[in-house]
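Two complexes, one shared chain (chain A), two partners (chain B, chain C).
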Partner chain A sequence: MMRQVNRYIIGKKCMRILQLFIIVGLGIFICMPVLILFFGSLADEIEWIDRMKPMIRNGLDYIKWKWIPDYPTLTHYKELFFYAPQFMTLFWNSIKIAACILSGQLLIGIPSAWAFAAYNFKGKSLLFSVYVILMLLPFQVTMLSKYLLLNSLNLLNTHAAVILPAVFSTFPVFIIYRGFRGIPKELYEVARIDGAGEWLIFVRIGLPLAQGSIMSAFILGFLECWNMIEEPLAFLKNMSLWPLSLYLPEIGVTQAGRACAASILTLVVSLFLFAIFRDSLEKGIVSSALKG
Partner chain B sequence: MTKSKRLTIISFGIFLGFMAVCTIIAKGIYTSGLPQVRAYEPKRTSLTHEITATGTIRQGTEYGIYVESGLRVASISVRMGDVFEEGVSLFQIDIDDLKDIIEEKELAFMKLNSQQKENLRDASRALKEQQAEVARAKEDYEKNREEADILIQRSKQALEIAKEELRIYEQYLASTQESVSGGDQHLSRQEKLIRLKQNVNACAQDLEDAGRLKDTNLLASDRLVEDAKNAGKSTYSSVIEINALELEYQQKQIEELKELLTAEGWVYAAVPGRLTSSRIAVGERTQDGASLLYALDNGERIVEAVFSWDQVKYLSIGDRFNMKVQLQNGSSIREDVTLNYMEVRTDGEVVGEIILEIEEIAIGQTAQLSCNKQTDVYETCINKAALYSNQYGNYYVYVAEEQDGILGTEWKVRTVFVTILDQNDRVAAIESAGITVESKIVMSSTKELKEGDTVRLLE
Partner chain C sequence: MRLKREYSYILQNKLRLNKTAKHLFLLPGLSGVAFFVLIPFGDVILRSFRTALSGRFVGLQNYQSVYGNAAFRLAAVNTVRFVSVCIPLLLLISLVLALMINGTSKWGKYKNLYLLPMSVPTATMVLVWKMIFSRQGFLNRMIGAHVDFMGENSAFFILVGTYLWRNLGYTLILWIAGLNAIPGDIPDAAKVDGAGRIQRFLWVILPNLKGSMYTITVLSLLNSFKVFREVYLISGSYPQEKIYLLPHVFNNWYTNLDLDKMAAGAVLSALILGSISLLLQRHWNKEDS
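Presenting the complex of A and B:
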């Protein structure tokens, strides 16, 4: 009996170790692009040229890859920090665009979502359906109409051309709406009975309870605008207005190490924001999924 | 808010702050590394070519002092540049050598004279023979003419007789024509008539032949007379004439040499002047041509200046130069002069000459010449400091152009190859399809430039 119990315990431990290996392996596999970027950013230019020789010479062979560089260096980071004002310019362009878009989205999206969630008005369903349809439309479909509209407003080749369409995006409205909808309507009734006004109900009840959804919309909105490529390419002719996502195409093939380092630094901001808002994001996604 | 989240937010803030600091540093390093350039737009202007040259004053017309060639020089009293007066002894010929030469010349003269006398005798004898020959030829001529005349006379007489016989017989036939109406008698008469006519024709032919024969014979005789007259004439006359000339020349040479001997070999200046060239040396024999060259001391002056080929492109005969000459007494002369002559010497130098009428300027002094030549207006003129050339000798300039980049509008330089139409020491007129009047031509840079460099334009 004891032997059977011990065999069971050992088997369970082995199983857990196996599961751990599988999970760690999968984790490494998923993180592999980031790891490749990281280790690639530590290889110097000479090593990169050596790796890319087969491709550069005749294009018939593959790049040789090494995980650990033979001569690790932080030269590319140093160059980006101190010798690449172009990178810095685009970095702050991205920060500016993201900040404006997210502020606008929250400023516009939260009241809109609150209106859809807390009030009943004529045509509400139809209007919400239009919101959902607009959310589903890809950028390529709306690009021409946006272009013509921005051109008529003389906003082309300005940051407003990228910011304004994103500010009025319907996606955050949809996410936040789900958060507001998760709040029991009895709470609003009780508050009204206690004499609370609509603004007070929105600020004291709506916003705190839908914080998760708002943060989810914030994070998802940030990731979308931080990585946007099509909109700046279509609406921004002046390169000095471009966001950081368009920096990599400007790097030559012989500067692969710098490209890796730039990618890592581009990732840093997203990682920070994810670390800060991870709890709220998880809660928001869960609440949106469960209570929607 | 948990402690780890607060730490993350603080880290994010530090990261953004670090990025802000790095932005300032990176921009500072970037801008401090940019070449600072000054650029200007090309101008539409004409070029001024300042042509300067240093000339040497030399004599105008030169004269020669001649002595017989082949004389040995004993001494020379003057040097190059010396000024001499009339009657001054210039150089001396070796007297002993001169005597020997005179003796040789006199001997040669005598030999030739004897030969000439012999020639004259021969010529006289030949003349007599020729005259006799001519007389004989003339006599033959006359004889031939007389014989021909006799022959012609006889032919004429024969012709007259034949004509008379024919006329008589024709009269006879006319008178007897009625009695003889036919038969053999009539036939014989007609035959005789024909025979007489043929006789007349034959006599006429003989007369004509006699005349032709006379002309032919007289022409041949006349030629013989002419040949006799010309025989021996040309041979003797030409030799005698040549010898006579040679004798005259030798006589003159001997007289000149004797004059030189009388002067104890000294050669004197006939007029005052300045020695400009000497072609004799002590101990050497004189050559053909002038032994000394001199210029009149108060004659015309010529400024001789060497010009470069670049300068020659803008020069032409008649150009006015400003000339400055520093005189020996410390004062200077400024004068506007005219370029009179230009020539390319065998060594490739281009020499210009200016004729002066200023007597104060001494031979051998230097003159500073300057002349400004204005060209036509060129559309695109730049400072030569902006002009570069590559290893193949092609000229190019850097043109700064605005380009939009990630850092905004920046100035980048572009290499534009140009053709130089004209240039002086400061400005060049260029031509290129890539340059307009609004192009920013880089004149100076703090660093060496290359195609595509980003630069900082200093206004």
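Presenting the complex of A and C:
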């Protein structure tokens, strides 16, 4: 009897260790590309050319890889910061576009989400379904209609062409709506009886309690802007208006080191935001997964 | 009694205010959506029945030419195949991982590892993917061959892998959240009643995850259309034919100024996506309406 119990416990322990192994192993495996980029950014151009030679020659040998470069250097970062004016221009373009889109999205999206979550009105569920469908439509499907509109407004080839349509994206509404729905309705009722106005209920009850999902809409929106490819490619002809996400493809294989450094710099901004907002982000994702 | 009447008076008064308030909350967003999306799209619907050049009414002719278009058909089949492979896979793998992580409270921190790919810029992946999958890449070195993985049918699986890689972390967190939301006493009660692990999962945990499943599926679907970026950056406008997706078709129509087909194709895609999303809502999200 005792032995059986022992075997059961040992079996369970083995299972747990195996599971931990899978979780951590897969996690590290998934982070590999990022590690490749990071260590790649430390190798200088000469070493990179040597590594990638087989690919350029298209011969029978394979490209080489070393985690720690022979001569580790930070020149790529220095060059990007001080000697690549284009990089900095595009970096600030990206910041400007992201800041405008995100502030607009929150300004417009939070009240819309609140209206859907806190009130009942005619055609609400129909309108919300429309919002969900609009959220799902890929950019290419709405490209023509956006192009025609932006053209008639004379906005093509300006930052507004990328910013304005994104501000009215219904994605943040969907995410924030879930957060507001998680608030018990009784709270509003009590506040109303106590004489609070609708605005006060929104600001004092809605906003603080849905903070997490607002944060997660913010982060997801940021990643979206930061990775924007199709919109600027379709609506911005002038390269000096491009966001950073379009700078990276311009760097060829021969400048791999610089490309790695540029992507690490791009990535660090997102990681920085992740780190700041991690707790509220997690809470937000949690509330967006729950049923309202 | 008097107090109650007073309360109901206040409530009614508030409800009247309610009416204007909700319009004030909704209107800025709704008018923007109408102006930037709905009305222009309505315009495209009208255009889809006319020729782009002369504006002559041609009925369903544009739709016929889209339907008969070989590129569109190929892309539609590929897109459906891609979505129907990658979404179930993503949901399944992330659910298994979530169940594992959720079993032990101190493992929660490992899920942050899975979030890292979300922040990797798409354009960067091109370089890493080239290093791994090209003729001279790491994968070929491991198996000792010289296959151009992006140019063969394996491109499809690379794409599925890329999608899983990027979206695993977010989906994982959504599942964990859903699992945490199930009151602990429900599975415990089932355990006392003699339900085994698998029975508990199938009949107790899974039904309780229905709500999260709706959100997760919608968001996974939304993200599945974004792999186009990866494909586009890796192999340009005309990739290997297994990964020629609907966005490619639209993109090529856009560059060729094939506006007739674009309009009809956009309306068709919107109709299909709309019905999928309504089906999802109807089945999994009943209580929300």
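FYI, the second predicted complex is superposed on the first by the 263 of 292 C-alpha atoms of A that agree within 3 Å, B and C clash if a C-alpha of one lies under 4 Å from a C-alpha of the other, contacts with A are read in each partner's own complex, and residues count from 1 in each chain.
The working rule: contacts are C-beta pairs under 8 Å (C-beta built on N, C-alpha and C of every residue); 3 or more make two chains touch, one makes a residue touch a chain.
Everything quoted here is computed from the prediction, not taken from an experiment.
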Which holds for A:I276: it touches chain B only (first), chain C only (second), both, or neither?
first
If you count the residues of chain A that each partner touches, which comes out higher, chain B or chain C?
C
Classify the contacts of A:N238 with the two partner chains as first (chain B alone), second (chain C alone), both, or neither.
first
Chain B versus chain C as contact partner of A:Q86, first or second or both or neither
first
Under the stated touch criterion, which partner chain does A:G25 make contact with: chain B (first), chain C (second), both, or neither?
neither
Check whether A:P208 is in contact with chain B, with chain C, with both or with neither, and answer first, second, both or neither.
neither
Please identify the positions on chain A that touch both chain B and chain C, taking each partner from its own complex.
247
Touching residues on chain A, where the partner in the complex is chain C
16, 19-20, 22-24, 26-28, 30-31, 33-34, 36-37, 54-55, 58-63, 65, 108-109, 111-112, 114-116, 118-119, 121, 125, 127, 129-149, 164-165, 167-168, 170-171, 173-174, 178, 189, 192-193, 195, 197-199, 202, 223, 226-227, 229-230, 234, 244-249, 253, 256, 259-260, 262-263, 266-267, 270-271, 274, 278, 282, 285-292
Per the touch rule, the chain C residues reaching chain A in their complex are 7, 10-11, 14, 17-18, 21-26, 28-30, 32-33, 35-38, 40-41, 43-44, 97, 100-101, 103-104, 107, 110-128, 130-131, 134-138, 140-141, 146, 165, 168-170, 173-175, 177-178, 180-181, 211-212, 215-216, 218, 221-222, 225-226, 228-229, 232-233, 246-247, 250-251, 254, 259, 262-263, 265-266, 269-270, 273-274, 276-278, 281, 287-289
Name, in rising order, each residue of chain A that touches chain B in their complex.
81-92, 95, 237-240, 242, 247, 250, 268-269, 272-273, 275-276, 279
Quick check on the complex: what are the chain B residues that touch chain A?
5, 8-9, 11-12, 15-16, 19, 22-23, 25-27, 29-30, 404-409
